[in-house]
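Naming follows writing order (A, B and C), and every chain is counted from residue 1.
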Amino acid sequence: MTDDTRPEKPDAADAPDTTSPVADLIAELVDSYDHEDLLQHINKAFLPSRERVIQFIELLRHLIFPGFFDTERVTQDNAREHVRGLLTQVHHLLHDQITQALCYERNITRENAAQEQAGGCEDKAKTLTAGFLHQLPQLRHMLGLDVQAAFDGDPAAVSTDEAIFSYPGIDAIFIYRAAHELLALGVPLVPRIMTEYAHNQTGIDIHPGATIGQSFFIDHGTGVVVGESTTIGDHVKLYQGVTLGALSTKGGQSWRGMKRHPTLRDHVTVYPNATILGGETVIGEGCVVNGGAFLTHSVEAGHTVRVEHPQPQLRAQRQTKKKTGG
Amino acid sequence: MTDDTRPEKPDAADAPDTTSPVADLIAELVDSYDHEDLLQHINKAFLPSRERVIQFIELLRHLIFPGFFDTERVTQDNAREHVRGLLTQVHHLLHDQITQALCYERNITRENAAQEQAGGCEDKAKTLTAGFLHQLPQLRHMLGLDVQAAFDGDPAAVSTDEAIFSYPGIDAIFIYRAAHELLALGVPLVPRIMTEYAHNQTGIDIHPGATIGQSFFIDHGTGVVVGESTTIGDHVKLYQGVTLGALSTKGGQSWRGMKRHPTLRDHVTVYPNATILGGETVIGEGCVVNGGAFLTHSVEAGHTVRVEHPQPQLRAQRQTKKKTGG
Amino acid sequence: MTDDTRPEKPDAADAPDTTSPVADLIAELVDSYDHEDLLQHINKAFLPSRERVIQFIELLRHLIFPGFFDTERVTQDNAREHVRGLLTQVHHLLHDQITQALCYERNITRENAAQEQAGGCEDKAKTLTAGFLHQLPQLRHMLGLDVQAAFDGDPAAVSTDEAIFSYPGIDAIFIYRAAHELLALGVPLVPRIMTEYAHNQTGIDIHPGATIGQSFFIDHGTGVVVGESTTIGDHVKLYQGVTLGALSTKGGQSWRGMKRHPTLRDHVTVYPNATILGGETVIGEGCVVNGGAFLTHSVEAGHTVRVEHPQPQLRAQRQTKKKTGG
């Protein structure tokens, strides 16, 4: 901190009250909007609302896991009403945000979109919304297998209820599986907003484009990254800090759409902070990758990737000397 | 994104307004509740409320660290009123959520619980709540040592105030120490909800069952995992990304309740992204474990676990060639 | 969980309603405030409000990236009003929190501060606030280069809009660059609160004191730590889990203000979970540091720091035996 920062405009306080302290700044900033075009979204179609996408996710959570997150008890008697109320809201929110995303993609305003014929944003959004909602039972089936895998794989889990109620891994997989379906249907932008919300909440960053099999378990999860073109088989278990990523290349955007991320076959376990990179890297069935490994090549089925145990050396000066009186 | 997604039900818009677009979905979803039993909590006892547990934590924070997070100044004159108001709310919230958790554990509704004799959920919750609140002065003593350790161990810390006000490590340890006491008293579910909130806020995942000594410091902290049966001595320092975890075994739930996580003796320092696994792994007094190490065996006191420095190699094609004009 | 926790005060329910259940706890806790001095902030100057600092950041985001996060469309016609409204609020919030921080630093209350002559907290805060706001166009210029670097460096990025809208790396760099300017002007405490908010939201922990060049890109980002005295050149790319940190020394606070963190020259790429430590460690121009590396020494320009690929070994007992029927 500098101490030489003295008031440079001591007479500013004497200026008339009609002059806002920010008056001179307004022009500077508006001018800057013209010069830094990349950072402004002026005169363009409206973007989807991150806030409303999050609302959609939270209501969807109540619909998928009835009775776990509700403020009143769900019973056999009120379950139908529970579903009706939530579905109506979820449908409305999702349809609205998909419309917004489609308009944004075509760079047309909502008002112009309303004047279009069939095939416009509103109609397409209706089809996509219905397409997604009809997959909810199948989505619940997949999530049931994930929850079972979490319980089976973690001796600290007291019950599957606890996994649903408090495991960030389950939360991230729930949001990823929903976002993946929306992306597959052709919904722009919204899927990515969804998985970035999961990333924000859990520290687990799964790209909605990744392909992930049944009974997937992420333990603890902070720092996990699963890239766009990753393929993951069934019964795979990832620990915190695992990266399934791409090699950094000079090519940049020229690599778009190519397989840049690894493939993990069934029954693979990857320990904390291991990094596996590259689109041609295949980790075979039943492999175990130890913590902290850095892999850019394939591994045949049934192998363990061992990291050499670092050798401990006696410290030149024992820190505990004083304390132990040695 | 696919472009071939055309409206499949162009006549849906012509349907009468009385038919909700979600009418056909309701039955599908209610049906799915019966088939995916794991994901529903219908006709069962109410669960504790994550939202209200978080409220409890936030008020407890004001009680433990008076004057740091309050919206008005705390003085010698109003301190007593400050405590009275907060304690009344904290007591109410905690008693309510413990009752809920006890009812959930026995799978009885709150109404049935109210009809029970002494020894029921309400009475037991009263005892547990009082038991916890009487430990607050001791909890403050422990946290004072943790704050001092944070300041002593981090040259970037300007003051102990800054550590309390902005260090995620202090936040995570505060919540862990409170959750650990509740777990030791026998409160179900609530302790885990608490530490998962800390995980969500800080990226630091400490299981409430872990045993941790005095003057504990976690620097930065994102990605730290401390497992259920971990034992940590006094004056231990962990950096971000450190895992004190269990080996992944085929046994799964059969390992429940066993010592699966490592023991760290006094004055151990573990650098970023090191992974230490296994219930028989003991890191001796005064040891230093370097960053990125993967350890599944014990280390005797006073040793440094060195990771071999990777050898730099001249890159085949210098990326900076163009820029440097070489 | 223990089952032997029976109600110890069965007669507590019989006590008169006028006795609060917390009555006896109040004195214990007030007494504890006297004994654990470190944890209380009683009779002292008010601290800045974390909540209001966050409000400031969120409004600043709307000002810097117009049209991306707003609830109504920004057009050429309303841009000036958009700026005027936001600037007025941003100015007010920032001035208020800087005043609070300056009063806190001098340990004087706001009321006493108001009675001071020119050079007091209010006046100094006015200068600092204006100083910061006049740098906003330059800040936007720097952020434009960062957004371009994010798009160029990530084939998964669909557009620069997506990077602004959903990349945690952009969010963390935006908050860091604003906090860095405030720290350079001499504002206490507020910059650290800002970057800890970014840390909380993104898992990326950049100290406001770090020096970072143009076109900086952090991909995914969870677990990244950039220490106080780090120096980073232009066009540097960091992946998730990278630490640019200090060696843990016995010296503790005696190291304050010294160069304790590494230097990265231009065009350096650091892969996930690598740890680079020490104030004398310099990573030369164009270097690539592989994932999981642990470096405490310098590397000359144009080199790749390779981590030896761990050797896979056939597992003694193939986990997939049963499944594959082999």
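Criterion: a contact is a pair of C-beta atoms (placed from the backbone, for glycine too) under 8 Å apart; a residue touches a chain by one contact, two chains touch by 3 or more.
All figures in this text were calculated on a predicted structure; none of them were measured in a lab.
Edges wherever two chains touch, nodes for the chains themselves; is that graph a line, a ring, a star, complete, or other here?
complete
Considering chain A as a copy of chain B, what rotation angle in degrees (nearest 5) results from a C-alpha superposition of the former onto the latter?
120
Return the distance between the CA-based centres of chain A and chain C, expressed in whole Å.
Inter-chain centre distance comes to 20 Å.
Could you list which residues of chain B touch at least two other chains?
Within chain B, the residues that touch at least two other chains are 188, 203, 222-223, 241, 273, 288, 290, 292-293, 307, 319.
Can you name the residues of chain B that touch chain A in the complex?
Going through chain B, the ones touching chain A are 1-3, 5-10, 12-13, 20-22, 25-26, 28-33, 35-36, 38-44, 46-47, 49-50, 109, 188-189, 192-193, 196, 199-200, 203, 205, 207, 209, 222-223, 225, 227-228, 241, 243, 245-246, 248, 251-258, 260, 266-267, 273-275, 277, 285-288, 290, 292-297, 299-308, 319.
Under the definition above, what is the set of chain C residues touching chain A in their complex?
Touch residues, chain C against chain A: 63-69, 71, 73-76, 79-80, 83-84, 87-88, 91, 118-119, 123-124, 126-128, 130-131, 133-134, 136-137, 140-141, 143-144, 147-148, 151-158, 160-162, 164-168, 183, 185-188, 201-203, 220, 222-223, 237, 239-241, 250, 269, 271-273, 288, 290-293, 307, 309-315, 318-320, 323-324.
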